[in-house]
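After this come two complexes, each holding chain A, first together with chain B and then together with chain C.
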Partner chain A sequence: MDNQNIITLDNVRKTFRDFWLRPTVAAVDGLTISVRKGEVFGLLGPNGSGKSTTIKMILGLLSPSAGEVKLFGLSPRSIEARRRLGYLPELSYLHPFLTASETLRYYAGLCGLSRKEAASRTKELLEMVGLSDVASRSVGGFSKGMARRVALAASLIGRPELLILDEPTSGLDPISTKEVKTLVKALAAGGMTVLMTSHLLADAQDVCDRVTIVNHGKAVAEGEVSRLETSLEEFFLAKVGDVKDFRLAPFLGVSEKIR
Partner chain B sequence: MLSEPLSLLLLISALAIEVLAPVLHLHQFGEAVRTARDASFSALFICSTAFAVFATIRVFRREMESGTFEMAVAHAVSRGGFFLAKAAGAFIALSIFALTVFSTALVMHKGAAIGGEIAAATGRLVRVYGPCVAFGMGAIVLPPVAAAACNRFFRCRFVLTAFLFSALYSLCGGITASVISWGVTARLFPAMLLVLCPIVAVLFSAAAFSMRFKANGAATAAALTLALILPAMDNYYRVEALSRGGALECAEVLLSILFALPAFAAFLLIGVHFSMGRE
Partner chain C sequence: MKAFFSIFRLEFASLVRSFTLPLLAGAAVAWMFAVPQVITGDGTLDGAREVYLRYGLGGVFALTLVSLLASASGSFARERSEKRLQLTLVRPVRYQLLFLAKCAALTTAGAIVLALACLASLSVPGENAERVCYHVLRPSLPSPREEARAMYDAYMKDPDTPEEVKKASRSTVMRLLEFRAVDHYQTISTNMVAVWRIDFSSVGKEPLSAEKGVPPAVRLRLSNMQDLREDVAGYLAIGSLRASVSNQTQAVLTFPLSPSSSASESNRNDVLSFTNLGDKPLMLRPRKDVALLVPAGVYAFNLFRAWCELVSMLALILSFGLFLSSALGRPVALFSAIVILAVSEASPSVVSQYPDELETKLSDRIALTVTRFMAEVTRPVSSLNPLERLSLDECVEAREVCRVALMNIFLLPLVFAFISSFVLPRKQDEA
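This part shows the complex of A and B:
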């Protein structure tokens, strides 16, 4: 691992192809980023900018069309590398018929925890996310926010060194959002490396040490949040400038106001 | 397209006819009842296969479409390992299901045959229909009722407990059959193997193709597999002959297993390959 880089993406490209192998979308186009040990790194960008595709390549769920992705200095498909990470997807993918407690024990099993360790870790994490009272209820009946908390607990069950959070505050109320931000800060203070994506720039500004802004699959800016002279939102809009591409604006008669 | 609930409904109907056949037989309906019984036995086999295929496709596609597959393989789990574990789980669950259905049907058939055999040998009428009918009805009614009670009083999961009770009942069926005659048990399990061989091959093809294609595509591929392995389906006739008191050669069972093994291995490899390449 060079200079304690936990994640390294070197000129990575990802082009999706159709059934006849004709290129359809270039989701990621020459992205180079590195995430250092112990930092909270934000991957920001508008919808369709390639953030989720980038995360899926880091997780080994997608293979890059060109370039190289390294996770702990290994291939993302390596079991050894994935043993050390936790992942919270954009949507909380959970088995609806399992209870909150069973869900965590299932993921504990996938992380290779012993039965005893899984039970204690499950109890500990359910308390942490405030779901101890509903531990024996099926997650299919949970609200979006509660399901999000279960998914967050599941991502932490294996005591990961790297936590990948795809829109972690999506679907949460303001109090839960604040709790998640506090949790991310606490985890980072404990030495965990965090990579997160978010549309909510204020959230990213609160927790991230460093950010990369991507647009149309390319990195348009990268830097430390503490060195920003403006708010992250103003910086983001200056770099991405997506308001100019706001296609609905002319139809609503508000294009001049936006510009 | 034939869907999973419909195949389950047909399966239950066929089982009900099987169960009622000896009762109807008592009322001297003759050939018509025998035809209905044979037709329902065929339906049991076909619907079990269809149900196994649709249930497997549903299990795999739900993992793919709900994103839980992604969540699982983002952990320290190999995709091939995940596919193998899931396919093995589907196989075990459906084997228990098939064992329950077929042991019930065979005990019913054999119960009727044994009654005739004893009557012919001893000259006295032995009423074996009653226990056999009770066993068959019990197979349909008792496991769900017991599971519902467990769900009500102990909060046990209904589907899981119903399944376990069915398996337990199936075991009891084997014991009941042994009480009637050891010959039934001795014939029951080789017969199970004969039936399971083609089901397993089709089931694993459905699992493998579900990793690449959507539900309709996977079902079509499984149907093609069924057409390709159709020669093995004469197993059904062997089982039917067995239920009528015919002999079963060990070589036939062995041949069936040997026929199914390459298909089984090939589909496992295809499934692992599809799961590794899935993006």
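This part shows the complex of A and C:
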């Protein structure tokens, strides 16, 4: 595998500030990550650990308070970096009045595809995500799973070199989840670099080559999944806390034994 | 450019499929047909026509402006709050292009609504598409600023000048004198001739020839400072054309010029003269009360030029709404846009009614300074009045249309787009 870094985060910090510019939350605190070409990289962590903030900085949607973020060795806000990028957000955020086909053609236009190329790519991707039959239906009427498939197809429309997936299996049924995982593996096998976040550690274990676990904005562990001696879930819990931190049980009267 | 057209199509489709554009177009056409039944004029055909154009097209313009301004000032803000904007911002699209495409789609929608209203206006009886409109040529005089500069020293040395004015700053006194210069009266004694040079450089060849049987004319406002009507007798002449002036009834009169054998050979083609044959001296403000009207084509073309000017005003205001939307939340952007629009409408009249800063109260001076600043920065829109000119049969000059279109449709939105391109990604920090 080529060891060229596609994403580089060097001691990145992100502190959110209030109206008076007083610091409120240090969402990311000195994070250093590098994602190599062709690998599937998992960014894991509990809720509020700084995963989404990190992804937004990689996408150029947020600027770091300190440190440096590079995408293909470029600023994430540069046109060239954005041309080589595909992004699937945690929720689909589609324009409800557009049809599935129009949605893909819209994003194809934004990626600079010609009309002919956009039409063939749209057809190909709709077939890939199994939505050819509903191509001319407004996405506003789609189920969460169908909307997710459209969003996934939209993220792939510009033939990106790097695909960033924020909770890609969120809202999908088990069959669709398996299909997405197979797709991610196939894309990686084809040379695409994938960065994904997931709460579903089993999913991450299935597809990721390498993971970084973040907690309170800091990287607490990093390593190759194949070298783990335990399951990813056990490794994760060991790094970010265990079931003793689950504080709801006493309120529900759950016995120590069950816990 | 593919990205530009993609965003343009999306924004336009959103206006169509949310029924904003169809409803607006329907309301505009219905209003144009309803106005003659709803609002009546002064009983004359010209009065009815003025009411129809001002309230009909003016109403449609106001409705279109407010509706599309609401869309514009919510555009980025709504997409940002619904997290849709981030999906566009991560694509290889220049942020300026994103701004301009949205602006173009909103302006196109507005242009369609206004075009339908203009077409509807042509189908209403009384609106003759073949009606002739006029270039309005005022006497060539030094600008009010030049006249004020010339008057300054003498005015400050004049013992009658109030002490508080003498203590005021030069810029304040100059502004005062400029306002006076606009209203500068010229006295024409009995049997005396007043002459004014007319600059025809903005008009085509043979400006004094008739068009479609309609001759050039002179419009005089015959009222004095107390707004009492003057009793006037005399004649107007320019080149070989002449018109008798006699009035006891109306304040503003148009006198058609006709060829006359008695016209003096020495009359120049670029000098308009008025000979006062009345009993009393006549007072006129040449800058405001005298206008040579030269035929300038038919109403239909004038309507087209007025439409272009309205669209350019719309483009500028919508781009400003979009700009606010890129930096502010939806309610704040909409509120700010409407307040600024209202202030820009009101500020010129406030400034003209309170022309100087000789107020003793600090609060008055601050308010006037702010109002004057607002009047100045909103001049690209507030100085345009195509509907008033249309209703008075005055030509909306093609040269001016090109100038405002360049400024309002291209240059100023480009400036807003450029600033927005810095604001848009940074605003995500707060989203």
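We adopt the following convention: the second predicted complex is superposed on the first by the 241 of 259 C-alpha atoms of A that agree within 3 Å, B and C clash if a C-alpha of one lies under 4 Å from a C-alpha of the other, contacts with A are read in each partner's own complex, and residues count from 1 in each chain.
The rule we apply is simple: contacts are C-beta pairs under 8 Å (C-beta built on N, C-alpha and C of every residue); 3 or more make two chains touch, one makes a residue touch a chain.
Since we're looking at a predicted model, the values are computed, not measured.
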{"item": "Chain A as common anchor, with chain B and chain C clashing or fitting", "value": "clash"}
{"item": "Which of chain B and chain C A:L61 touches, first, second, both or neither", "value": "both"}
{"item": "Residue contacts on chain A - larger count, chain B or chain C", "value": "C"}
{"item": "Partner chain in contact with A:G112 - chain B first, chain C second, else both or neither", "value": "both"}
{"item": "First (chain B), second (chain C), both or neither touched by A:G223", "value": "neither"}
{"item": "Selected from 97-105, 241-249, 259-267 or 277-285: the stretch of chain C that, after superposition, runs into chain B", "value": "97-105"}
{"item": "Where chain A meets both chain C and chain B, residue numbers", "value": "59-63, 79-80, 82-83, 85, 87, 89, 91, 93-95, 97, 107, 110-112, 154, 158"}
{"item": "List of chain B residues in touch with chain A within their complex", "value": "66-68, 70-78, 155, 157, 279"}
{"item": "Residue ranges of chain A touching chain C (in the complex, touch as defined)", "value": "16, 56, 59-63, 77, 79-80, 82-83, 85, 87, 89, 91, 93-95, 97-98, 102, 105-114, 154, 158"}
{"item": "Chain A - residues contacting chain B, complex", "value": "59-63, 79-80, 82-83, 85, 87, 89, 91, 93-95, 97, 107, 110-112, 136, 154, 158"}
{"item": "Contacting residues of chain C [partner chain A, same complex]", "value": "2-3, 5-7, 9-10, 13-14, 17-18, 82-84, 86-94, 425-426, 428-429"}
